[in-house]
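In what follows, chain A forms one complex with chain B and a second complex with chain C.
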Partner chain A sequence: MRQSTPMELRMGAAREGRLSLPGLPRMLTSEHPLPWLLPLTAMLLVFTVYPLIYNIWLSFHEYVPFKRALVPVGTDNWARLLADERFWGAMGTTFLYFFVVLGIELVLGIALAMLLDSDAPGYGLLRSLLTLTLVIPPAITGMMFLLMEDAQFGVLTWALQGIGLLSPDTPILATPSTALAGVMLADIWQWTPFMVLIVLAGLRSLPPEPYEAAMLDGAGPWMIFRKITLPLLSKVLAVAILIRGIDLFRVFDYMFVMTSGGPGTSTYTLSLYAWQQTFSFIQWGYGATLSLVTLALILILANLFIWISKVRW
Partner chain B sequence: MAQVSYRKIAKSYGAVEVMRDVELDIADGEFAVLLGSSGCGKTTLLRMTAGLETITAGDLMIGGARVNDRPPKDRDIAMVFQNYALYPTMKVFENIAFSLRVKKAPEAEVKRKVGAAAEVLNLTDYLDRYPRELSGGQRQRVAMGRAMVRDAEVFLFDEPLSNLDAKLRAHMRVEIRQLHDRQGATTIYVTHDQIEAMTMADKIVLMKGGKVEQVGTPDELYDRPVSKYAADFVGSPSMNFIEGEIGEREGAPIFLAEGVAAPLPAPMARHLGRRTIAGLRPSDLHPAENGAVQGTLTLAEKTGADQNLHVRAAGVDIVSTAPRNFQVRQGQHIALAIPPERVHLFDAATERRLGA
Partner chain C sequence: MIVQSRSRAAARAVLAWGVVALFVFPLFFWITVAFKEAREIFDLPPRLANFTPTLNNFNEVFGLSLGGNLVGGGNFNMGPRLWDSIVIAVFSTLLAVTIATLASYALSRMKFRARHHYVSWVLSTRMMPPVAVAIPMFFIYKDIGLLDSYLGVILIHAVMNLPLAVLLMKSFFDDIPLEIDESAVIDGASRWYIFRRVVLPMAKGGIAATAVLCFIFSWTEFLFVLTLTQTGLKTVPVVSSTFVTSTGTAWGNMAALGVAAMAPAFLFVLLVQKQLVRGLTLGSLKQ
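Coming up: the complex of A and B.
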């Protein structure tokens, strides 16, 4: 039988309420956890629970400017939501953005990670360069791409026109059919490295033995990728999809900076629409309703995903 | 036909040469054991056979064809890894079936072969489990099953039993040997455990420092070790070594050391006066009046079937296997006899065996 390490013994003693962990200050070994939980609990109450409850309360009220007051409106906001074409449009845009960007970032992320998974000299440098895009504020990235996709002097416009993918009379961000793709580009550029890093971390920790066994079993590279690598990575991928998915569903910065939701309403996402209702139109109640719906959707999707992707092995 | 031949095989990692001049033939259907201590190159040689390591120099022939540059998947080799290397994301059934899936075998054939392997290995009840839900012994059997369904020309085992407890190990030794006898495939088995080598092998390849020290049947290694190293490695308890000189008494050669006077076979007379190391197997040494080795008993270890007597003689600790009912007290004087033909002689300088 394995001997318990001194640390485990201490932890065990602490759990049983007995005391005295030699070396640790008394205050860190308290038998009363409550005081230690209090700061966190207080912060959660003030910054998470209270705003959430207030938001729910707000969704049953509306700000009336000439009264300078919130008045109860019952379920009016919720009824309005169902009939609001702009809401459904924003939801469609959000889902489209979510699936396309997540898909591209995932595939690109896995592909790049596999290319970078090497111990040869130089690869470490390449891997650390990847983190550079992650330190740029998304709003700045948005501005960069706004410039690069500028119809007159944008480098991306010039390049795309050069290879014939874009006709000269199509300004990317001012054309309803291309504007969303233009925004997606910024997101993909900024966040694919994040995917790469997570997948790389997963790849680097994979055991070599199953690969050797698979090679001897006669499997080729594609078979090995499909049957060994992907399943082994599934836990890591699930985490990456969850983190990115939640981020993507509440995307705001890129649209705000690059298109302000336009042209027309073609790049309005749920977050941006909620922002517009709340802060431009001073429809606090309706804005709260919209953000609650976004929250609910994220919660449902995330939990659905966790449930589906429950990794069994 | 899958004869495996190694011709002047060498392996280097950068400037570090870990193996050279390995010349070895393993016949079709033979059970060969690569035996040696850690770092002797036995696992490297096995991995080169599988194609998991490149071969720096020399030729590896399987079934008469040079396979140095053939990728693992085209060598028709099945391997059982030391840590089993199961596919953690697949259930036992799919683990065993994987190679069949790769070959796109029909479902009925997959079911039949996996079922048969599971039957032999007592895994039928576990086919629906994941590897992490199995004990070490069960995982080991899954790894065996994966090799069994292969119908490969050559089977490689890389210390497959080293992670099992002693009882299970003894059981699996028999299983693996029986499996080999049933399938008749060429088998190369790596181990550092001389008991595994002695009990399972048709041919033992003893390795030392990246070179082959001795090749032979278990009996040959036990009875005629080519060097002190080989003599020391094989047999349990280990052989006793005493340094001394070959002298003469009444016209017959005799091995002489402090407290030791062991008669030798007559032909050994030609090594008269030579510094030698005598190797005496504990099982050949018996308590007897006027024995060749005189010393005092320091410890009697009971092993159940018999006892190991530790005798202080010639400045070293000599072990002798005696019947369990042999009565002797600690500190008592004791004499041990050995038949002349059972004394192994090695040159003191080269540590190679001295021939008659």
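Coming up: the complex of A and C.
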């Protein structure tokens, strides 16, 4: 379809007249934002606000198997939460996962973006190849790494043992001290390209002047990176950290398929623990309580970050 | 000097290709698994090219006969699961893009009180962990009979994609100069007319990119489908996780299913390369 010229528009508008009917209150015409925003508002109220309220209600109830019903338990679930070592463990694992993976993806992402920021032939293809990992279902990424980290047949296990980084009696995903790292690897593989793409977009939009000035002053590459590139990238990095951070904090898929939280409790994150309490252990109220804590933590941390970094939409 | 810079460029290219190869390797390896017989999957060092390719894994998973014999094992009959994935992704995308396009036009063009707060609210729904929505939705759906239904999953996937779609579409509308609307307003055209006849045709590319991203996110989603469906329907990512059993894992079949699940996503992501950064950052960064 080609665009209408202003003249055609004028004629079209005259032909059709004003679409707003004379008798209708302005609020119900297309001149008012209300009709435009109504479907979105309704959807979000029904599918995010209502479940939230329901979840809060659920957190003050618990399913009692022999009664086959939810019964009110007051603040029992919240008291149980504070005393639950597994909850604090899951909280610790979530934060550990969050900081380690975010840090590695950020550093690797910046380094790779700078490596791939070139107009020489072939680099465009390399950048496109990297985007492929972003659209693989994370559950399937989990499977891929499950196979590659298999204690007997895993190609990754084999390679790591070959270069002496892993002892033969350490199955990666079945050893409490290495299982989380094994899961992190899947995440890092899949989402480092996300950082690369975003940092690349940032690098491409940098103004050349500060670099020319720095060259004249004889600044070294590391100095230029630290004093010019990083500060100029700060907005881009803030957005990347926010979006990746939200996803890292609620990570679920990888541990669900790779370890189900084990061995022991070494790969339980808050999301996974909440889900398992609800659907595997039929602790509906307690699961709801756990998911609410996850929600509250994300909202607080993300909004705090937005406020500090002044990211705007 | 020239020799030195040329060798540096070569070293950089080698490093760049090496690193990207490292990233592509797991994917490549997974694809080879899909085309291998069971006994060759576990060989170490891995057989990357020196294996006899077979379509048996695909035949068993989808119950087709793509050449070669259907040997042993079962027929997993995954065709319908692929169909479930497609139906859910297509309809949730249509719903999300329609609602988001309407809303984001108003958010981009109309001034009203609390507009900024409204945008923040939309963004904050993007922060909700899926588990905190899936748990109450399970009980709500159970009560109203939407558990294990297309409609239930389509609705929840649409909602999941709404913040992305709204913020992304808003950024595309913001790119269209305001003067175009204003001249039409002066001529007496209604907002609805301007939206349909002027702004929408100009935002076609943006709508397409938004739709592609919504499709991909629905296609790859795991937790909602896992929680809100039982036996009636399942999408490909969820059903693949059932291939891991206590008696062993049908890796070849799982890889075949995984490859079938990746193929459309790869195709789509190559179509939206130019808008990918904008999409992944919810419209806040442009390439």
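As a convention for this text, the second predicted complex is superposed on the first by the 280 of 313 C-alpha atoms of A that agree within 3 Å, B and C clash if a C-alpha of one lies under 4 Å from a C-alpha of the other, contacts with A are read in each partner's own complex, and residues count from 1 in each chain.
Rule of thumb we're sticking to: contacts are C-beta pairs under 8 Å (C-beta built on N, C-alpha and C of every residue); 3 or more make two chains touch, one makes a residue touch a chain.
Quick caveat, the model's predicted, so the values are computed rather than measured.
Trainee: Mind checking the superposed model to see whether chain B and chain C fit together on chain A or clash?
Mentor: fit
Trainee: Could you look at A:Trp307 and tell me whether it touches chain B, chain C, both or neither (first, second, both, neither)?
Mentor: Neither chain B nor chain C is touched by A:Trp307.
Trainee: If we overlay the two complexes on their shared chain A, which of chain B and chain C does A:Met215 touch? Say first, second, both or neither.
Mentor: After superposition on chain A, A:Met215 lies in contact with chain B alone.
Trainee: Once chain A of both complexes is superposed, is A:Leu146 in touch with chain B (first), chain C (second), both, or neither?
Mentor: A:Leu146 contacts chain C only, not chain B.
Trainee: When both complexes are superposed, which of chain B and chain C contacts more residues belonging to chain A?
Mentor: C
Trainee: Between chain B (first) and chain C (second), which, if any, makes contact with A:Ser118: first, second, both or neither?
Mentor: The second partner, chain C, only.
Trainee: Looking at A:Lys227, would you say it contacts chain B, chain C, both, or neither? Reply first, second, both or neither.
Mentor: Only chain B; A:Lys227 stays clear of chain C.
Trainee: Rounded to whole Å, what minimum CA distance do you find between chain B and chain C in the overlaid structures?
Mentor: 8
Trainee: Please identify the positions on chain A that touch both chain B and chain C, taking each partner from its own complex.
Mentor: Shared contact residues on chain A: 312-313.
Trainee: Help me check something: in the complex, which residues belonging to chain A touch chain B?
Mentor: It is residues 207, 209-210, 212-220, 223, 227-228, 231-232, 234, 312-313 of chain A that touch chain B.
Trainee: Quick check: in the complex, which residue numbers of chain A touch chain C?
Mentor: Residues 1, 3-4, 6, 9-10, 12-14, 16, 18-20, 29-33, 36-37, 39-40, 43-44, 47-48, 50-52, 54-55, 58, 112, 115-116, 118, 120, 122-123, 126, 128-140, 142-148, 152-153, 155, 158, 189, 192-194, 197-198, 200-202, 204, 236, 239-240, 243, 246, 249-250, 252-253, 256-257, 270-271, 274-275, 278-279, 284, 287-288, 291-292, 294-295, 298-299, 302-303, 311-313.
Trainee: In the complex formed with chain A, which residues of chain C make contact?
Mentor: The touching residues are 9, 12-13, 15-17, 19-20, 23-24, 26-27, 29-30, 33, 41-42, 44-46, 98-100, 102-103, 105-107, 110, 112, 118-140, 155-156, 158-159, 162, 166-167, 170, 183-184, 187-193, 195, 197-198, 201-202, 204, 216, 219-223, 226-227, 236-238, 240-241, 243-244, 249, 251, 254-255, 258, 261-262, 265-266, 268-270, 273, 276-277, 280-287.
Trainee: Which chain B residues qualify as touching chain A in the complex?
Mentor: For chain B paired with chain A, touching residues are 50-52, 71-75, 77-79, 81, 83-90, 98-99, 101-103, 130-132, 146, 150.
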